[in-house]
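Read the structure below first, then the notes.
We call the chains A, B, C, D, E and F, going by the order they appear; numbering starts again at 1 in every chain.
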Amino acid sequence: MYYCEPRLQYPVRVEKPNPLFAKMLQQAIGGVEGEIRVCLQYFFQGWGQRGPKKYRDMLLQTATEEIGHIEMLATAVALNLEGAPVSLQEAAAKDGAVNAVLGGMNPRHFLSAGLAATPENSNGVPFNCSHVYATGNIAGDMLANATAEATGRTLACRLHDMTDDPGMKDMLSFLIARDTMHQQQWLAVIEELGGFTDQLPVPNSFPQSEENQTFSYAYFTSQADGGVPPTLADARFATGPSLDGKGQFSVFPNRPMGQEPQLAPGPKSAYSQKEQQLGLLDKIKQTIAGA
Amino acid sequence: MYYCEPRLQYPVRVEKPNPLFAKMLQQAIGGVEGEIRVCLQYFFQGWGQRGPKKYRDMLLQTATEEIGHIEMLATAVALNLEGAPVSLQEAAAKDGAVNAVLGGMNPRHFLSAGLAATPENSNGVPFNCSHVYATGNIAGDMLANATAEATGRTLACRLHDMTDDPGMKDMLSFLIARDTMHQQQWLAVIEELGGFTDQLPVPNSFPQSEENQTFSYAYFTSQADGGVPPTLADARFATGPSLDGKGQFSVFPNRPMGQEPQLAPGPKSAYSQKEQQLGLLDKIKQTIAGA
Amino acid sequence: MYYCEPRLQYPVRVEKPNPLFAKMLQQAIGGVEGEIRVCLQYFFQGWGQRGPKKYRDMLLQTATEEIGHIEMLATAVALNLEGAPVSLQEAAAKDGAVNAVLGGMNPRHFLSAGLAATPENSNGVPFNCSHVYATGNIAGDMLANATAEATGRTLACRLHDMTDDPGMKDMLSFLIARDTMHQQQWLAVIEELGGFTDQLPVPNSFPQSEENQTFSYAYFTSQADGGVPPTLADARFATGPSLDGKGQFSVFPNRPMGQEPQLAPGPKSAYSQKEQQLGLLDKIKQTIAGA
Amino acid sequence: MYYCEPRLQYPVRVEKPNPLFAKMLQQAIGGVEGEIRVCLQYFFQGWGQRGPKKYRDMLLQTATEEIGHIEMLATAVALNLEGAPVSLQEAAAKDGAVNAVLGGMNPRHFLSAGLAATPENSNGVPFNCSHVYATGNIAGDMLANATAEATGRTLACRLHDMTDDPGMKDMLSFLIARDTMHQQQWLAVIEELGGFTDQLPVPNSFPQSEENQTFSYAYFTSQADGGVPPTLADARFATGPSLDGKGQFSVFPNRPMGQEPQLAPGPKSAYSQKEQQLGLLDKIKQTIAGA
Amino acid sequence: MYYCEPRLQYPVRVEKPNPLFAKMLQQAIGGVEGEIRVCLQYFFQGWGQRGPKKYRDMLLQTATEEIGHIEMLATAVALNLEGAPVSLQEAAAKDGAVNAVLGGMNPRHFLSAGLAATPENSNGVPFNCSHVYATGNIAGDMLANATAEATGRTLACRLHDMTDDPGMKDMLSFLIARDTMHQQQWLAVIEELGGFTDQLPVPNSFPQSEENQTFSYAYFTSQADGGVPPTLADARFATGPSLDGKGQFSVFPNRPMGQEPQLAPGPKSAYSQKEQQLGLLDKIKQTIAGA
Amino acid sequence: MYYCEPRLQYPVRVEKPNPLFAKMLQQAIGGVEGEIRVCLQYFFQGWGQRGPKKYRDMLLQTATEEIGHIEMLATAVALNLEGAPVSLQEAAAKDGAVNAVLGGMNPRHFLSAGLAATPENSNGVPFNCSHVYATGNIAGDMLANATAEATGRTLACRLHDMTDDPGMKDMLSFLIARDTMHQQQWLAVIEELGGFTDQLPVPNSFPQSEENQTFSYAYFTSQADGGVPPTLADARFATGPSLDGKGQFSVFPNRPMGQEPQLAPGPKSAYSQKEQQLGLLDKIKQTIAGA
């Protein structure tokens, strides 16, 4: 279970409120690279852990930290909205620039929230929990988490350059540092478990003898002319030993190994058009003619 | 641009059609771990590549292969639906089991598609393109792709165990092999670029001097009692050198470094209740009283 | 900021795991009546509070409790999934009932999560954060919260009757009690602020002189015959003083007070069909003819 | 504006309530082929009409009829749910078939609605208003409407065969008849405007001289071998005059006419990996090497 | 069933068309506080009513009125779009302000609808019918409706201040008045049923003896230090009799009463990593070590 | 299966990059009128074809062409974003117009994609695969496809007028031409199958004797006064032979033929309020009183 404390994890200051930057910050709250996502993702991974207890502990500690990050960003959005124009005449009057700020703001910041953050991305699209990845496989989960932190840190860096407000830059320099650590943290679990040599392919508990090993280490090219793009001929994945040491990379120009599919006509009650419901004989004839 | 060929990449056979397995297979078509996702993800990463040409080439080759995987799975769904019960009386009559199969099927397989695949997951939730991750950062993208293939292979292994149809097992043994390779492929790009030592933190182009480096390699615990869970005390990410060789891991019991936030009252036209719109003096008094 | 503790707020026991009940419980996690919703709703209301500090405090305390409720329910789902059938042959073999349990399960519980909870409702539809209502108006927010707890308690009561597992009944008897309190809690805020007499209409800060007061306390009927349904003639809202004491209820058979709308033809570049782009004269003629 | 009447447009009777059929009927309420969609689609097309007044009239009349269809189907769902099992023990006891009906039901019919219809499709996915097509172009709108009624009638026919309840069959025979008319109705508008000869291509107000007419009547094949599938060689769209009489159909094997795209490196603040941010010279060299 | 009439319920005039205000008005059409929502919500509540006939009557009368409100707002959007800039050069030329209006408009108002309203909110996010709350419990439904009207009136007041167009102000003054009445109307039903004393807790038909009454009237605090925020110590919900007269409020510092959860390892076919699939003995050992 | 080629189907040039036009172009990528939709729609229709082989061939050829169209548009978006402002100070400095361009851009073009296209519409709403219509009925599918191409061409024409960049105009003149052909193509299939005379009503395989033919060719008016709008009295669908030659059009003023619905009280465990759970006798009494 969980506890709270009224202070923020790290200071949040805004010297020059900017409603456009408030809109941009929403990507870090409710975007797919944002904090609601990692918070819920780490919680659901932790709550569903069926492996050693340590993984549950590890995940819930960090999930709990992430609530505080959403709180910081929500505070930052609210502070950036203070003094925002909230009427068309006001916006027009200020600088004659035809409502440019009001037009660029997230309308719901004012209309729906009365100048506060929403659980949405920078386009105002609400966060959707289908982005919470929790597979029950620790290696898959750690890769998902490293991805979330890599894309999250890239976003935070872009936001950092977008503003020149010292308070915002300071807050982002903290969040960027935490993303640095969290990338490390999840990949360190993979290293601790033996690194990619042991952990690949994910899941490592499926016997590779049951996969079609002819194709397990082959880079398929899809060029219409059957060739290999010259830029790829000596790529790391085109030649040499595989990363898990279990095979040799090769290049395989993709070609059809399967049949041309032939589906049976549906039952009458599927109500295709009459012309689609040919007798079997007609079908055979037509197929011969078409071959 | 793109070309087609009427045959499948690999044979698709179904010996004992099973509409419940058709429902399950949908997860591999329109689920977040599925083929529509990787197909579009690789395409959008390729089409937006601003770095060396080789990355565009690499991505589009594999994106094109993935269209063929959606095609195989869509064919497998259609074949598994042949002979499915399509009326309540028929289902009830067959085995008295109160429409168990019809109740377990994806209703839209019959009602909307006339016994064919849909671009949805196993719960019938349509695929949503917010899951197409293409960040413009090659390391972030490669991690996202390795994640997609790790979760995709885990799904395919679960489906492989769920069925005993030899045709379906054969098709899945091929798709599992391709997921093995694709995991390798994307992680090999990271290795080729110098491995995690060089590539972390993502993005590696942001000067770390601008992040708050006090917190860049610290594992934050969030225990209410300020302690560290014993299972984590000697974890790989709690002590020793960081994965990128640029720091030392440490443990940091999380505590508030920031202020208790104080938002200004909104403007009158935000129409909070009157009781929320206190004068500044009242606000100060109340804050003092509440402190 | 926030802290965690490894134990649950209240015991969670499952004596007879039931994967169908696991599916049902999802409604209390990721449904619109569920715990993710109230948790995020109270957090966002608290983080955006611009009124007296007490409202922020009040909301964050309860938001934090709600994380623990999601945790309890996620644990309950995971425990109910233990022993669930995960292959078609297994299901078929057990009781010949054509895979009834496997067909009735949430497929993603196994395929995507490896037998754990997901942030989705009982139909497998992911929670969408558009359901997080935080308006900046305390009375509107409290009504939204009372609604969430009323629908949440109704759901919990239905789940309570659906199971006969003593552990599940015990957990639900706790959650139902908490919903009882939370309904009280949010409505008590309205009472504390003066009750509906003072708080209505929401927002109470908009001068009623600016609304069209002819229609402020009139029940509009919409019957085609201009009549009033006899069941409604003496309803509380049809006659007598209004709840806020500011008006008298009356009944008003709805009738058109406005014009028949006439939109101007769009510009050429809107590319309607040519036949829609009549000259103004034609338009006048046609309108006369049509009148 | 609008009026109501307490009776239904057409009788709705259910002799043998069936909660599985209630689930199936939801497709006709909240599915993309369903009644909420056509109702809102016709309303929004009508309310936005900028052409002759007659189109607004025509659309609003039918939109209003469609509200009554949603009402009929919602009533049918509620009646089919009467007597549905609402507890796991009850379901199990009745026939030992491991909760088959309860497992097959839409859980929200009981949990969220207390045995009533919801605005969702047969998988429990809520209707999303992005399916309301209203383009401002009458020919595009009429095609969209004819499509909606064609897919809607196909759905209704499938539902008609799925049940043997005489009341349900009667209700569906009425809705099927209305779909027959509505297909006619929207296509009749196109005929009245001069038929496809005049109305194609949509929009007919864009001067065809500004499109690249080399490709306006050419069927592009995409075969990797540059060939034409024999089944298509003499198709109506491959040879002969076009439907609008403005061109001659031909076959054109698709081939690249464009360049290999070369995007400029992004700005530093887009934070791709360092390796993606090559100097211009490096880029040229690499491109030469890769060509 | 339903009828229409070509005139509007109330006049809609726009003196100075403003495409930015058209975007803002969309929140009142397709936002969660908007008219599509209340219209469908009242319809579905009415159509699913299983209690006294009067509730069905009451709901359908008002649902029908709400169609007319969507119509008014859709008309207002269309009128505000007349004369909007629809090309980049036009926008740039007018005032050199780099396309400020065109950039601030909802692009789909022109691109998809040809200058008409869409069933979306002010960010262009389509309305999603998951927001239609109809629980089968009249008290829960009435609270949901009062919430919808409270948030709807708050939105309308914000829009009223945002514009200085006399026609728009007049239309909004009417809609605000209707929201005043509708708040009254739904809460009056609760009063008619005995007020909160009788109606709480919702549902009032579940025997409170079956809930865990120790916690039914306790305000849980979640402070890490076990304390109570001073602002809350004497809140209405912290002390004194409960609103329903059935209990006494108290304060309860939240603490764990439950266990640390221990999930069983999943079956082999769930394909977690090998390292997660420890034998039972290992698991016990590890748990002991970790305790 | 599928192949690729590095060059584009048709040249894509941008002379004056414009990030606002990049936002607008997104509607043609991820909007409901866009290329992802038609691409996936034709693929799923082709992969699920149960009728003559020719339909599968026909659909897959064009689906494959459409991938190349998405590629062209994604390239156009990326080129339009080159040089876009990516910081608030930069935007402000350039022309003092308060960040008008940055405010008008799609924020995710920079924040999430690093200046590249996303699979979203012009409002930044991700494409949702529920828009992929594939019914199993060839006539329904062809109408859906003609609709998609009609709305797609309307969109492309609007975009064509919105820009004066010669490269963009050239690209759009090609895409408009392809939409011209694709409208023809799908409608030609209907003609080849006998035209609307044979193909209507869709599905033409359901025996019309089983629909309620009294209402099959009647235009229902919904006017409250029972009248017929004068603009519609002699419409093509109001009088004369039906389009399929199987009936005569007539006008039928809509009136209730059904009953006032009476739903049974729900079971106790549905937990409506007590007041909704009247005994049967009370219910009868009340109904009599209310009649």
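We take it that a residue touches a chain if its C-beta (ideal position, glycine included) is under 8 Å from a C-beta of that chain, and two chains touch if they have at least 3 such contacts.
Source: prediction; values computed, not measured.
Q: Touching both chain B and chain C: give me those chains, sorted by label.
A: Touching chain B and chain C alike, sorted by label: A, D, E, F.
Q: Equivalent interface to B-D, which of A-B, C-E or B-C, with over half of contact pairs matching by residue number?
A: Looking at which residue pairs coincide with B-D, the repeat is B-C.
Q: Return the distance between the CA-based centres of chain A and chain F, expressed in whole Å.
A: About 27 Å, centre to centre.
Q: What parts of chain A, by residue number, touch at least two of the other chains?
A: 1-9, 32-33, 47-48, 50, 52-54, 56-57, 60-61, 64-65, 68, 75, 78, 86-87, 97, 100, 103-104, 110, 112, 114-116, 120, 123-126, 128, 130, 135-137, 139, 151, 154, 157-158, 161-162, 202-203, 206, 222-224, 229, 231, 254, 256, 258, 261, 263-264, 266, 269-272, 290
Q: Give the list of chain E residues in touch with chain A in this complex.
A: For chain E paired with chain A, touching residues are 18, 20-21, 23-24, 27, 31-33, 95, 97, 100-101, 103-105, 121-125, 151, 154-155, 158-159, 161-164, 222-225, 229, 254, 256, 258, 261-266, 268, 270-278, 283, 286-287, 290.
Q: Which residues, counting only chain E, touch chain F once they are in their complex?
A: Of all residues in chain E, those touching chain F are 1-6, 47-57, 86-89, 96-100, 102-104, 106-108, 110-112, 114, 120, 123-126, 136-139, 193, 199, 202-206.
Q: Would you tell me which residues of chain E are touching chain D in their complex?
A: It is residues 1-9, 30, 36, 40, 43-44, 47-48, 50, 56-57, 60-61, 63-65, 67-68, 70-71, 74-75, 78, 112-120, 126-130, 132, 134-137 of chain E that touch chain D.
Q: Which residues of chain D touch chain A once you look at their complex with the stated criterion?
A: Contacts found on chain D: 154, 157-158, 161-162, 224, 229-231, 269-271, 289-291.
Q: Residue numbers of chain F touching chain D in their complex, please.
A: Chain F residues touching chain D: 3, 5-12, 32-33, 52-54, 57-58, 60-62, 64-65, 68, 72, 75, 78-79, 82, 86-87, 110, 114-116, 125, 128, 130-131, 133, 135-137, 139-140, 143-144, 146-147, 149-151, 153-154, 157, 160, 170, 173-174, 176-181, 183-185, 187-189, 191-192, 196, 200-203, 206, 208, 210-224, 229, 231-232, 235-237, 242-244, 249, 254, 256-261, 263-264, 266-267, 269-272.
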